[in-house]
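In what comes next, chain A is part of two complexes: it sits with chain B in the first one and with chain C in the second one.
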Partner chain A sequence: MNRVRLFLLVSMLLVAVPAGADILVVVNPDSGIRTLSRSDAINIFMGRYRKLPNGGLALPVDLVSLKPRFYRALVDKNLAAINSYWARLVFSGEASPPQQSQSAADVHHLLAHNPNVLGYVDSETAWDDLRVVLTLDE
Partner chain B sequence: MNNPMTRLLLLFRTRLALRTTAIILLIVALLGGLFLGIAVQLRAANVKQTQQIRLEELLTTVERTAQIACFLADERMAQEVTQGLLSNNIVNAVTIRASDGTVLAAGRTGPRLAETTLSPVVREVSSPFEPGVNVCRMTVEPDQDEVDLKVAQASIFLGAALLLQLLGIGVCVILVVARYVTRPITGISHRLSELEVETGQKLKAPRSNRDDEIGALVASVNVMIDNLVASLGQERRLRVEREVEERRYRAIFDNVEAGLFELDGQGLMRSANPAFRRLFGIERQRDLDADPIAFASLAPGDASIETASGRERDEKREGQREYLCEVTQEGGSRWISLLVKPLETGRLQGVAHDVTERKHAAETAAQMAVTDPLTGLGNRRGFDHRLAVMARHYRLYPSRHHSLMMLDFDHFKQINDTHGHHAGDRVLRHVARTLSGLLRQRDYIARLGGDEFVVLLEGCERHDEVETLIQRFLACLETPIPLEDGAGTEIRLGVSLGIATLGIDTDSPQQAVEMADRAMYAAKRAGRNTWRFYATEMAKT
Partner chain C sequence: MKRLWFARLSPRRRRRTRQRSVGSGPAGSARGENPRLGLTALGLVSWALCLAAPIPSAFGHPLDDETRLRFSGFGTLAAVHSDQANADFVRDISQREGAGDGWSGKTDSLLGAQLGYRFTDELDVVVQGLSRYQESGHFEPELSWAFVRYRPDPAVQLRAGRLGWDVYQLADSRYVGYAYNWVRPPVDHFGTLQLVHIDGADVTFKQPVGSDLVRLKLYAGRSDSEIYLTEGLSAEFDVDQVYGGNLDYETGPWRFRVSYTQIHSDVDYRGPVADAIERVPFANLDPNNVLGDVFGFDRITLFSLGALYDRGPLTVQAMVNRSKVTRYEGQIDSGFVSVGYRVQRVTPFVMMSKVKTTSTHPDGSDIDQQTYSLGARYDVAANLALKAQLDRIDTRSPGFLWRDTDSDWRGGWSSVFTLGLDFIF
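Moving on, here comes the complex of A and B:
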């Protein structure tokens, strides 16, 4: 039994360690966007704005694996709340949720090919070809 | 219409319970109206506050949806929220206005009210993701009609409750007043009206009221009854005493010999006893109260003698007046003394006495005092009196002169000595009669003593007049005086006279007497049966 407890404790510590890392909102350097306010990020990712500050169409992309951490950091809500929010808007048609990507590579791919795409990655995943416009502390 | 009204007023006037109730109800109604007004106001405020709270709650219910709708500027969703709010009957209008001023949604169930006392509820809606950032403002107007309806309902309820309370109080007051005030009072009043006070019966207080105000009232009434009975008894006793007095007085009044009468303030005779009526010849049947006699007509003012009765003159109340009056009746004239003294204001009492006898006796006595019993002429006292009167007269009218004549019969003493005193008296009576027959009414003759006479000739100063008189007297004396002693004896008598005149010879009556005396002696010395007027040389002897 003692071993099980010890294992759980260690596991929790292990889980807690990555939380220390930041989440970076990134764009294609060609988008012309140098920086993005937290508010702008919220408005874009929550479907309020469909345009980037520079006037271009905004295409936010969710990284499924990082999604809970991202929204916790951005709007302090859990995934259920975010899902509930979008579910409410399905029939309205006024706004639609960001495109869902299963892996960081997909996100990278989308970012690299479309300057209008907005994505987020873990700060440990460094992509030098992309521009960080907002750093979210966790 | 009028009749029931007057009957109601009559009831109000006559029924204590009803009046009390009406007054209490009026007060309660006024106070109740005041309280109702306050309560309705409070209720209205309360309803408004409740509405506000409910509106706030409604807004809280829809806030999350509204947050999203505003965040996304989703008009359809905002409209949905608006409709949801409007479906509540307390909501009159809803406006959702985005932060940039554009109206996202608006709705209204009733018409716009120009004047509303209700303030709208405003809720700032923040972003669902950024708590500090407002995305829109929701404005909700409460429904005035709904508030009014609620207030009206509350008022009706309160009013009905108050009315019921009024009715309850009214009934209770009527019952209580009737039971605890009216009924005991009615009972006491009933018993009081049946009470036989003369027998000393007392009023009994109802058992339950023995110690309260009604009991006190009954006690007071009993004290009053006691006083009444006492004063009634005293009154009755006094009346009996008074009746006895009255009878006694009446008996005296009717049977006393003195005349008794009463006068009023105007001097009218209001009553008189039989004796008085007899004195003044008033018919027994005459009702003086209805047909009074003026006192002045009985006692003429000039016949009155006022007596101050030892009091001060101005103290007229105590003053007693005496009147003397002469009443001429069939039997002749009678003198009556009337004594009047005040009984009270405007009422006088008088006593009348027949003083005829007394007056006659007094007059006779006075006459006797100045009369010579033998001759019926004046005596010395009468002469002195008459001389004094003459002196007074002379002082007042000095231009009028009076003569004094002294007479002395010659050798009269011999008649007495020879024929006895009886014969002397007879002679004196004869000459007195003779002399009186010669004199005027206003002259005065007196016998001063023995055979000495004096005559006062009033207003006579001329010697010739006097001499005429003397000569006539002497002529009379020429005739012998029969003695009528059976022997046929006759006596001849001479007289010596002396005369003095007051106003010529002297101014003093006493001196005039002396002078006449001297003149008379001068006549005697001159040979008797002659006369002499006073002359100044007589004074020397």
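Moving on, here comes the complex of A and C:
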């Protein structure tokens, strides 16, 4: 009987805890951007084409602690593959990688002060003053 | 392990020191064992940098509070083993001497450092220095890029100064080993490239088409370089015009490129072979005319196609190029196909490449060879990759892609094994 209860309890816990939280791409509401397509996000974060839907220059910011999960969700690549990709662009002078931010508070600060900044956060980080423009499932 | 590689460097080089006077200028007499010293120093510096650096999630180091000034770099420490006793293996035709049978560290080892300063989001400058085994026969650093970049709009980029020669996909990052899976870009395809950088300007336009992207780059400038045809004959290019462009189409994981380039140069042939022509009695020959007539390097046209598929763990890459020279309908055809598949930290890959030159000149020294490569990249950390690669090279005619070739060597199979360590910081 105890075993059955334990089994039920564990099953419920497994169902209740999501496999992984989603990652949200966020902007300053003043940017006027409502949504961003996945290919826009790839173009901007991978340095291919950094134009926002509102016509402005996109300034992407990487959150270092979330970076491996973000790029896994965005382009299915690990950090080494992302660095390898950027090594080609940086050392041929073609493009520069996103600015690197050490903490979510830094990302928030940049977003709050510049409507051209694009950042990403864990879906568990709730920031009411920012707008979610894309949700990446993990 | 690393010390072992160094200890074994080029013991058989010594018997060839008499040939070191070949080539250009005053540096000749002072060469001696410089390559080896240079390499050891390079290795020590790179190791110090590697060990000192923490494992970063990105590379590059801001040197001020506002992250306007950034320092970054790349390097490769590699040892090549060749079993070919009749000729020496080179990475490209700028290398005067190659790797003989046994181990050699100079073919692929290099170190690059880059400094960038951002004035505004639109305007920045980039300076890069590169130390590799090059034309001079040692590792003296050269200024590889130094340019101002202006991006008035996300769709337009202008650059002026010293720029990488973006003649075809990967050409302007061919020394950045960390950026690709191989130990070196395929020699058959990249080994015959004549220039590393140009002094001039380029402009890039980007235009989205739905979710696809069209990218057009045009460039023009001048340059100079030196290539070796044999250890006893080099061609010094004084390029007064190099111009061209490439058109990219990016759709999903695909990236296609078409390129066209023209190079106009004055070519000065040097070395004992050129001297011998000049000394032919009563003929009064100008080696530049005689050799220029054979090689026709004063005007080169390159056409190139490239395709890259990069999705998740899978990378497939294919390129073809045709270079035409002015005399005797001379042309260089080359191409390669490579497939890599990443499994966690390991990326095994296979590659096949081919190069063939043709000319109607009766004495032309044609190149005809193909290479089958098998290897793997192991990502030790997000800034450090260890690589191993085996090349089986089927040479039907060595032409100028090998060095110190025995006069009776017509070709055959060679095995070249390379162990390399690529890093960025």
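FYI, the second predicted complex is superposed on the first by the 119 of 138 C-alpha atoms of A that agree within 3 Å, B and C clash if a C-alpha of one lies under 4 Å from a C-alpha of the other, contacts with A are read in each partner's own complex, and residues count from 1 in each chain.
The rule is simple: a contact is a pair of C-beta atoms (placed from the backbone, for glycine too) under 8 Å apart; a residue touches a chain by one contact, two chains touch by 3 or more.
What you see is a predicted model; the values in this text were computed from it and never measured.
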With everything superposed onto chain A, say whether chain B and chain C fit together or clash.
-> clash
Among the partners chain B and chain C, which is in contact with a greater number of residues of chain A?
-> C
In the superposed arrangement, which partner chain does A:K67 touch: chain B (first), chain C (second), both, or neither?
-> second
Give one of first, second, both or neither to describe whether A:V90 is in contact with chain B, with chain C, with both, or with none.
-> second
Check the residue A:G47 against both partner chains and state whether it touches chain B (first), chain C (second), both, or neither.
-> first
Using the superposition on chain A described above, determine whether A:Q99 touches chain B (first), chain C (second), both, or neither.
-> second
Clash with chain C, by chain B stretch, listed 6-14, 24-32, 114-122 or 132-140 = 132-140
For chain A, which residues lie in the overlap of the chain B contacts and the chain C contacts?
-> 39, 48, 75, 77, 85, 88, 92
Mind listing the chain C positions that touch chain A in their complex?
-> 57-60, 67, 72, 74, 112, 114, 116, 121-122, 124, 126, 128, 145, 147, 149, 151, 153-155, 159, 163-164, 166, 170, 172-173, 176, 178-180, 206, 208, 211, 213, 250, 311-313, 342, 344-345, 379, 381-383, 385, 424
Chain C partner, complex, touching residues on chain A are 37, 39, 43, 48-51, 57-59, 62, 64, 67-68, 75-81, 83-88, 90-93, 96-97, 99-100
Of all residues in chain B, which touch chain A in the complex?
-> 65, 68, 71-74, 76-77, 127-130, 133
Could you pull out which chain A residues touch chain B in their complex?
-> 39, 42, 46-48, 74-75, 77, 85, 88-89, 92, 94-95
